[in-house]
Each structure stands twice: as structure tokens, then as C-alpha cells.
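Two complexes are shown next, each including chain A; its partner changes from chain B in the first to chain C in the second.
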Partner chain A sequence: MKIKLKPLHYAIATLALAAFLPFFITNDYYMMLLNRVLINIIVVLGLNFITGLTGQMNLGTAGIFALGAYSSALFTKYTNLSPWLGLVTAIIMGVLIGRGLGYPSLRVKGVYLSLTTIGFGEVVRLLIANTPKLTGGTQGVRNIRPYHIGSYQFQTQKEMYYLFLVFTAIAFFCAWRIACSKWGRIFKSLRDNAEAVEMSGVDIASCKIKAFTVASIFGTVAGAMYAHYMGYINPSTFNLDLSTNYVIMLMVGGLGSVTGTIFGSAVVTILPEMLRFLGNYYQIVFCSIILLGAIFFPDGWVSAVTVLFKKVYQRAAKGHYAEGGE
Partner chain B sequence: MGTILQLLISGIAMGFIYALVAIEYTLIWNSTGLLNFSHDKIITVGAYIFAATFIVKMNMNKPLAIVLTFMLMGILGAVIASGIFNPLRHMRSNIFAVMGTMMLGRILAEAIRLIFGPVPFTIDNWLSGTIRIGTLMVTKANVIICVVAILVVIALQLFMNFTKVGKAMRCVAQNKKAAALMGINVAQNICITTAISAIICSVIGMLIIPLFNISTTMAASIGLKGFSAGVIGGFGYLPGAILGGLFIGVVENLAVAVLPAVYKDIVSFVLLIIFLLVRPSGFLGKKA
Partner chain C sequence: MRKVVNKRMESLLRVTEITKKFQGLVAVDNVSIDMKEHTIHALIGPNGAGKTTMVNLITGVLPLTSGKVEFEGRDITGMATHNIARQGIGRTFQNIKVFPTMTLLENVMVGGHEQAPMGMVKGIFDIKGSRKEERRLKEKAEAVLTRIGMYDLRNHLMKNLPYGRQKISEIGRAMMNDPQLILLDEPAAGLNPSERAELVEVIYKAYEDGYSFFMIEHNMDVVMKISDYITVLSFGRMIAEGTPGEVQSNEEVIRAYLGSRYVEQDKRRDSYVKSEWN
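Entry: the complex of A and B
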């Protein structure tokens, strides 16, 4: 009997693999990197809806991320309630940002939108840095409580890892189902031909806002996770470089590909650390690799490899066929 | 009244800087259709080549250093155009172009850090001193910024209107296919445009040395505010870029009189967002 592999099987296999990963890693620093990868996956899954599927350039992800982190951190700090309620605050914040950011995207396109979102990110960062009474200003927020279930606190890197793995799995499942749903198809068609979508009787405006809202919710949730994971946040983290990094992750994984986001986040988070042996030169080498990637494999590195494999496979198959013919 | 006038003058000087930034990237936008997100790093490279290499290390006299910097930056611009802008121009999504230019910016910043070291510095006797007009004290730097910016604008206009290369640049900006049919080498023309843009970048770099220290992030904020200036004046339109730059510079400086000083940096971005929502074509732009 031939067993057909379905996406669900792949997903379960990947999850099992991810669950066993901590047994092979003893170094706490590598565990921290893995946790960062999981957080980044969630952000990029969200960004994929705006930039990947809908094709709207968003360079304000750091702003979304920052608002998520700060709303959850400040909520738990001032009310002394559970971080889980902070997560709810972050989601509400995400809905608000999505509505707010989605609205300009109806009016402006292309470069204008990237400039608007850059403006949004900068305004958020500068406002946070310049209202010290509320946010702690450039000093940041300290001693943010970690997540807990009952009296059990998630404190070590490994405990955090399993918690975040659950978060990421849920987020991935949601993103995957949304991308396959009616919404996902509309998002994709908005990127390809907005006029045709409108002709088919779809309300473009509400769909674009939906894309932004979903993306912002993913971003703010990841921000909240980041805040409670690090225990300390400060506004200088959430700069334009961070927003750029998220778009790079998306690009490396392949625009519009949900599974590619995992690969992209992992590569862009881990590769710079792997290049540390280059000493002073690691950052410049990393940037050059990404720049060459943007020029030569615009569909993402995964697709570049699959295209290569297909070519090799086809050549092999052709050879086989020719032999069979004789 | 005195402080308001003082703020106005420094606002106009900053405005001219923003206007130059807007002109510099509008040139590239018009000729390639790419938004050059690495422009603040090119400005920084210009300042470093001038100050670190020629003035501090080689102890050259300043006019010679300026000329040599212009030549080096022109070559750098042409290299960037042929190596990066020309391939990116043909990409199917502008996302790759944006990321490509951003990566270029990071590479330039890293290169600066590796070559010149991370420590900020400044040079002596460069655009320093003050001039007294009546009761007003004006720094020499502000006056020179205004004069140089006006000269650059006039020179650019003359170049674009009265030379063959400049006319070809305008053709390429309008319609690349038609320009190519008329026998203009589009790729080469883009190299020239980028070289000119890089030279204007180095002018900006030299002018802002007295305002900021020379460091890898010296141009980050004026780079982003330059984008606001371009949009507010009318994107892709050179007179609009100048008007937008002056508008932002003046409003931002006068805002200090009303708002707490810490909010100064936010003004330009808030203006940018308001303009994009209310009038995306800017002051002088055609209706989109």
C-alpha cells in the first residue's frame, strides 16, 4: 500500500522534530536563538499576509511589534494581572493597529505605503522613547513577569521553548488555514490584479483592512511573547533595522509561502550567528549574501533549491526514459 | 520675536538640507524607478571620505579634498548603478528593489565601520564661526548651507536644461522605451544620474559635518526626513522636493516654540502621514 503524504503529516513530523530538538542542544545561548526563531516565525507569518500575499510593502513591523510588547508589558506592570491578560491586551492592540494601518493602505500604494509604514514605525519608537512617565522612556521596562500556568512559571529557556512551540504551532495552523481560505485567495488575487477582484464583486477595502488586521494581531502577539520572554524591553530595539529584518526573512523564505516563513526566520536569525567566526566581517558577509539572494533568487532560497532539484530530476528522468526506450 | 527669527533661520538651513536629500533620491527615482533606501549611507560615505581620508589622514588642503571627494563619489555612484540598480530595476516586484537598496545601505555602513572605525569624530575649522546681522547671531554653517544648496539647485537646473546628457536624463525619466529608441543608452544614463546623485550626497555629507558628529549614523534621521520632504512637495518632482524640504525644516523648527523639544523629530513623520492621507500628490504634484 502506498502512503500518500499530506501537508498535515509534514506538519506533525516537523513539530515532532522541533519537540526533540532541545534534547540535542545543551547550550543555553542556542536555546535562546531557537526561542527567537519561534517568535520571529509568528511575526513573519503575519507579515506574509500583507507583503507576501497582498503585495503591500510594510516596513513598519517594528512599530507593530513594539506596540504589542509595550501594551502587554505595561498592562501587567500597572495592573499586576496575569501575562495571559496582557496577551489579550496585545491582541486588542493588534486589531486597533490593523484598522488604523489598513486604512491608509487603501489610499496609497507601492512606495508611498512603504514610506507611510516607515513613518508609523518611527513615530511609535520616538513616542515610546519620549514619554518616560508612561513607558519608562529610553530606560525601558524592567522585570516583566514570565508566563505561568497556575503556580508553574516558565522560566528556563527550555520551558519557554515548549510554550513558544505551542504558540507557534497554533499561529502556523491559523495562518495556513487563512491562506487556504476564501480570504487567502482574495489576498493573493489583490496582489495580482486588484481591478479584476473588484469586478468580481469583492469589497477590496475591507479585504485590505482584514489583511492588515490579521498581520498586526500576529505581530502584537509575538511582541507580547518577546516582552515576557526577555523580561526587559527598550525602544531602541524596535528600529527600522528590525522591520527590514522581518522583510528579509519573508524574502528568504519566499514571498507568499506560509511554510517558507519558517525557513526564512530560521536562516535570518541563525545565519549571522553561524558567521560569527568571520569576526568583524560577519555582518558585511551576511548582508552581501542577502543582497545577492535578492538579485539572483527573488522567489526565495527554498524555491531556488527546488527548481534546481526539479531540473536535476528531470534530466535524470529523461536519461532513464531514453534508456527504457532502447 | 528674536528666538522665532532664530528658529526660522536654522529651520530654513535644515530645510535646504532636506531639500538636497529629496533632490538626490528623486533623481534616482526618476531615472530608475527605485527608491534608494541606502541614500543616508551614501551621504555618510561622502562625509567619511572627505573628512577621514583626505582631511585627517592625508592632511590635504580643503578645496583639493572637495574635488577629489566628488570624483571618488561619482565613481562610487556609477559602480552602484551598474552593479545593483540596473539588475534591481528589472525585478518584478518593488519589494526586492527596496530590500536590495536597504542591504546596500547596511553593507556601506559596515564597510565604513571596518575601514574608518566606530568612534565618532569631527574636523576643526570647517564651516565654524558665527555672523552677526543686527541683533541676530547666525552660524556660518547655516549661511553656507543655504548658499551651497541654492548653487547646487541652479547648477542642476542648468545641467538638465542645457546639456545633451542632462536632456537625455530627462528623457529617460519620462519614458525609457522611447529614450532607448531615440538612441539614448539608458543603462549608461542611469550610471551618470546615480553618479550625480552620489556627488550631491557627498555635498550633503560635507555640509552636515558641523551640525552632527561624523559617525556611521550621522545621516539616518535626515535620510528619513528627506523622504517626508519629497512626498510633501510632490513625489518625483524636483521643485516639489525643494519646497517640501523647506516646509519640513521650517515647521519642524517652529514646532519647538509650541511643543516640547523632544517631539521635534516626530513632526516630519506626522506631516508625512497626514499628507499621504489627505493629499498624496503633495503641494506641487499632479493628481495621482
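Entry: the complex of A and C
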């Protein structure tokens, strides 16, 4: 009997693989990288809704990420409450950002929206850096409490890894459900042709704001995770480079592809570390690889596999015809 | 799908003295149209007569300078486009506006988005409910596709379909919301004769199902064949209205739009036949 593989099977297999990964990694530094991958996956899952599906270039992800990190960190710092409540603060923050950032997207289009989002990211960073009384300014926030369950604290990299794996799995589930539902379809159609969607009776303004809100919530949640994971945050982390990196992750994974985000985040987070042996040349090699990817596999590196399969299949089919088959 | 066929004498769409000015240019000048229920109403006129502007005014894409638009007796003047669509007005576009990266079925299903009321957060966790909703939407889309004769193509990407098919699929997308009225903006433009025949068939079938159509069209074959009533615009003004027969013989319409050739065609055909005989 042939077993038909369903998305659920793939998900379980991937999760099992991810759960066993720490057993093969003894180096704490690599564990840290894995944790960063998990956080990045969540951010990119969100970004996928704005930039991948709805087609609005967002270069202000760092701002969203920063606001999430700071709202959760400062909340736990000042109120001395649990980081889990900080997570709720981050989600509320995400809703607010989504609304605030979604509105300009209704009026500003294309390149101008990208500029607006860059502005947003920079404004957030500068605001944080210049309000030292509230945020600690450029000194950052220190001693942010890690996540805990009861009195059990997640402190080592491996403990964190398993916690974040759960987070990422939940985030992935939500993103998958939205992207595969009528909402994913409407987001995609907005990218292709907004007027036609409007004429189908769909309130495109509210749809765009929805896309921004979902993306912001993912971003702020990841930001909160980052803050409580690192224990220390400062505004210089959340610069334009970070935003660009997220767009690159999305591109490597394939715009609009939910599963691609895992691959994209992993590649863009880990590849530079792999290239460390190149010394000063690593940046140029890394950028060249990304550039070539963008030229040859604009639908993401994952699409390379599909393209290859198609080529092989076509060749096989051609051979079949050549042999006189029908 | 629609099946309730109404009486023909009630007003479905009534446009009263609408005017649209773009700065100094008067695109639509004091035009009134009274469209009856369950009819096919055509709007014709030379290029730049303001026909597409009319459709944009009715659907709220452009704001009116003055005048009033009523649909089934309700005032829809100044409503947002998506709200006008929800009142029961569908539309197709002159330059097709489809979603090229999606399949035909998905394209049509987008049209029915409003028929599926479940919210986003509920949709994430209510797996069964959303699957049921999605299936209902899909079945409806398949029924619509069957009706417009494109069921077999449902899994093709839109961008891979020929122009004519893409154009007809817009009617399918509009039908998903069960509108009383569908506005067709030059549905036959760019279609070859056999596609045109297919289009006429699709429109006529839909008409029999109970849909009404308001149509802008340059192709006189199509207009004269299927419309019940015709309004003629020229330079933003209405110059004539009436049944196809009346409009065809209207002096001003011939001068402004149809051209004397259109009328003389019959005579020429007669003389050609005669010369054959002689």
C-alpha cells in the first residue's frame, strides 16, 4: 500500500528532525545560531504576509522587531511581572503597529511605501536611542528575565531551543493556516490586482491592514523572544541591515512560500557563519551567492529543486517520445 | 446561482442627471439612464465619449460631480466601491484585471470571498469549519465555471490562458457574488469571432439565469444581437436611446458613431447580390 504524504506528515517529520538536532550539536555557539534561526523564522513568516503575499515591500521589519523586544523587556523590567505577560504586551504592540503601518499603505504605493517603512524603522531606532529615561537609550536594557514555567527557568541554549521550537511550531501553524485559507488567497489577489478584488465586494483597506497586523504580531512576538533570550538589548541591533536581512531571507525562501521561510531563515542566518573561514572576503562571497540566487531562482532557492525536477522529467519524456512512445 | 427572474418593468439601475468634470473637461454631461430589471442594456458611443467613466461613476471608483445613482431604489451615490459591489453589482474590466499567478478556480473563488464570513482568527483554529466553508466556496466556483464553460481549465494558471478565456473568466468571478447586475466594460474587445460567439452565449445563458447586464461595447454584432435597450453617448452627452432598431435608424447616431457605412451595408449587399445575378 502506498502512503500518501500529507502536510501533517511533513510537519511531524520536520519537528522530529528539529527535536533531535541538539543531540548532534555540542557547541553552544551553534546552538545559539539555531535559536536565532528559530526567531528569524517567526519574523519572516510574518513578513511573508506583507511582502510575499500582499506584495508591499516592507523595509521596516527591524522597527517592528525592536518595538516587540522593547515593549516586552520594559514591561517585565518595570512591573516585575512574568515574561509571558510581556509576550501579551508584545502582541498588543503588534496590533497597534499593524494598524499604524497599515494605514499609510492604503495611500502610499510601491517605492514610496518602502521609503515610508524605512523611515518607520529608523524613527523607532532613534526614538529608543534618544529616550534614555524610559528605554535606557544607547546603553540598552540589561538583565531581562528569561522565560520560565513555574520556578523552572529556561537558561541554557538547549532549553531555550526546545521552548523556541514550540513557539515556532505554533507560529508556523498559524501562518500556514492563514496563508492556505481564503485570506491567503485574497492577499495574493491584492498583489496581482487590487481593483478587481474591490469590485468583488472585498474591503481592501481592511484586508491590507489585516496583512500588516498579522505581520507585526509575528514580528513583535519574535522581538520579545529575542529580548528574553539575549537578556540584553540595545537599539543599534535594530538597524536597516537587519530589515534587509529579513527581506533576503524571504527572497531565498521564495516570496509567498510559507515553508520556504524555514529554509530562507536557516540559510541567511547560518551561511555567513559557514563562510567565516574566508576572513575578510566572506561578505562579498555571501552577497554574490545571494545575488546569483536572486537571478537564477527568483522564486526562491527551493524552486531550484522543482525546476531541476521539471528539466529531468521533460528530458525523460522527450526520450520516451524519441523511442516511439505515444 | 441566481434563478429568480424578475418582472421587466421595475427600474433596476437608475442614473439621474449625473455629471463628471475633470477640471475643465466635462467627461459625462447630465446623463440619465433608466435600466429595467432583467434586461441587457448597452451603452455605445465613439472613443472618448465617457462610457468607461460612466461605469466608474456607477461603481464608485470615481466620485460624481453631481447627480444621483440608485440601485433597486436604494441611493448608492457616494458609497465606497466594495459597498456598492455588496449591494449586488458586479463588474468586468476593459483591460482585463485578473490574478495571473493564481489558477482559474482561485481567480473565481476570490470573487466569492464575501460569501465566506468566517474571521481570520477563528479560521486558524476552526479547522473543520473553515474546510467546510472553503469546500462550499469551491463548489460554487465550480458550478459557475461549468456555467461559463470553463470547468476543464480550472486548474490552469491564469497567465497561461488565452486572452479571450481570461476575459470571460471575469464574468465568472463577478457571478460569484450573485449580483443582480453585472457591468461589462467592452467584453468583446480583443476577442476573435469564435470567442465572441462564445461570449454572447455565456452572457445569454447568464441572462436566462436571471442576471441583468449593463454593457459597454464597440462590437455592433454583439450589441445588436443581445441588447434589449441601447443608450448612445457622444462627447459625454446622451444623444439617443431606444431599442436596437430605433438606435440603428437614428440620424444623429449614424453621424456620430455608426457611420453611414453601417446603414449602407445592407444596400451594398443588395447591389452585390444583384450584380451577381446580372
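Simple rule for what comes next: the second predicted complex is superposed on the first by the 315 of 326 C-alpha atoms of A that agree within 3 Å, B and C clash if a C-alpha of one lies under 4 Å from a C-alpha of the other, contacts with A are read in each partner's own complex, and residues count from 1 in each chain.
Throughout what follows, a residue touches a chain if its C-beta (ideal position, glycine included) is under 8 Å from a C-beta of that chain, and two chains touch if they have at least 3 such contacts.
In this text, all values refer to a predicted model and were calculated from it rather than measured experimentally.
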Chain B and chain C placed together on chain A: clash or fit? fit
Partner chain(s) touched by A:225 [first = chain B, second = chain C, both, neither]: neither
Spatial angle chain C-chain A-chain B, Cα centroids [nearest 10 degrees]: 80
Chain B versus chain C as contact partner of A:141, first or second or both or neither: neither
Touched partner set for A:258, first chain B, second chain C, both or neither: neither
Which superposed partner A:165 touches (first chain B, second chain C, both, neither): neither
Touching partner for A:37 - first (chain B), second (chain C), both, neither: neither
Partner with the higher number of touched chain A residues, chain C or chain B: B
Which of chain B and chain C A:186 touches, first, second, both or neither: second
Touching partner for A:267 - first (chain B), second (chain C), both, neither: neither
After superposition on chain A, the shortest CA separation from chain B to chain C (Å): 12
Overlap of the chain B and chain C footprints on chain A, listed as residue numbers: none
Of chain C, residues touching chain A in the complex: 59, 61, 80-83, 85-86, 90-91, 93, 97-102, 106-107, 109-114, 116, 120, 123-125, 127, 130, 133-134, 137, 170, 173-174, 176-177
In the complex, chain A residues that touch chain C: 173-174, 177-178, 181-183, 185-186, 188-189, 191-193, 195-204, 210, 214
Residues of chain B that touch chain A when the two form their complex: 35, 84, 87-88, 91-96, 98-100, 102-104, 106-107, 110-111, 114, 224, 227-228, 231, 235, 262-263, 265-266, 269-270, 272-273, 276-277, 280
Chain B partner contacts - residues on chain A that touch it in the complex: 51, 55, 57, 59, 104, 107-108, 110-112, 114-116, 118-120, 122-123, 126-127, 130, 240-241, 244, 247-248, 251, 255, 280-281, 283-284, 287-288, 290-291, 294-295, 298
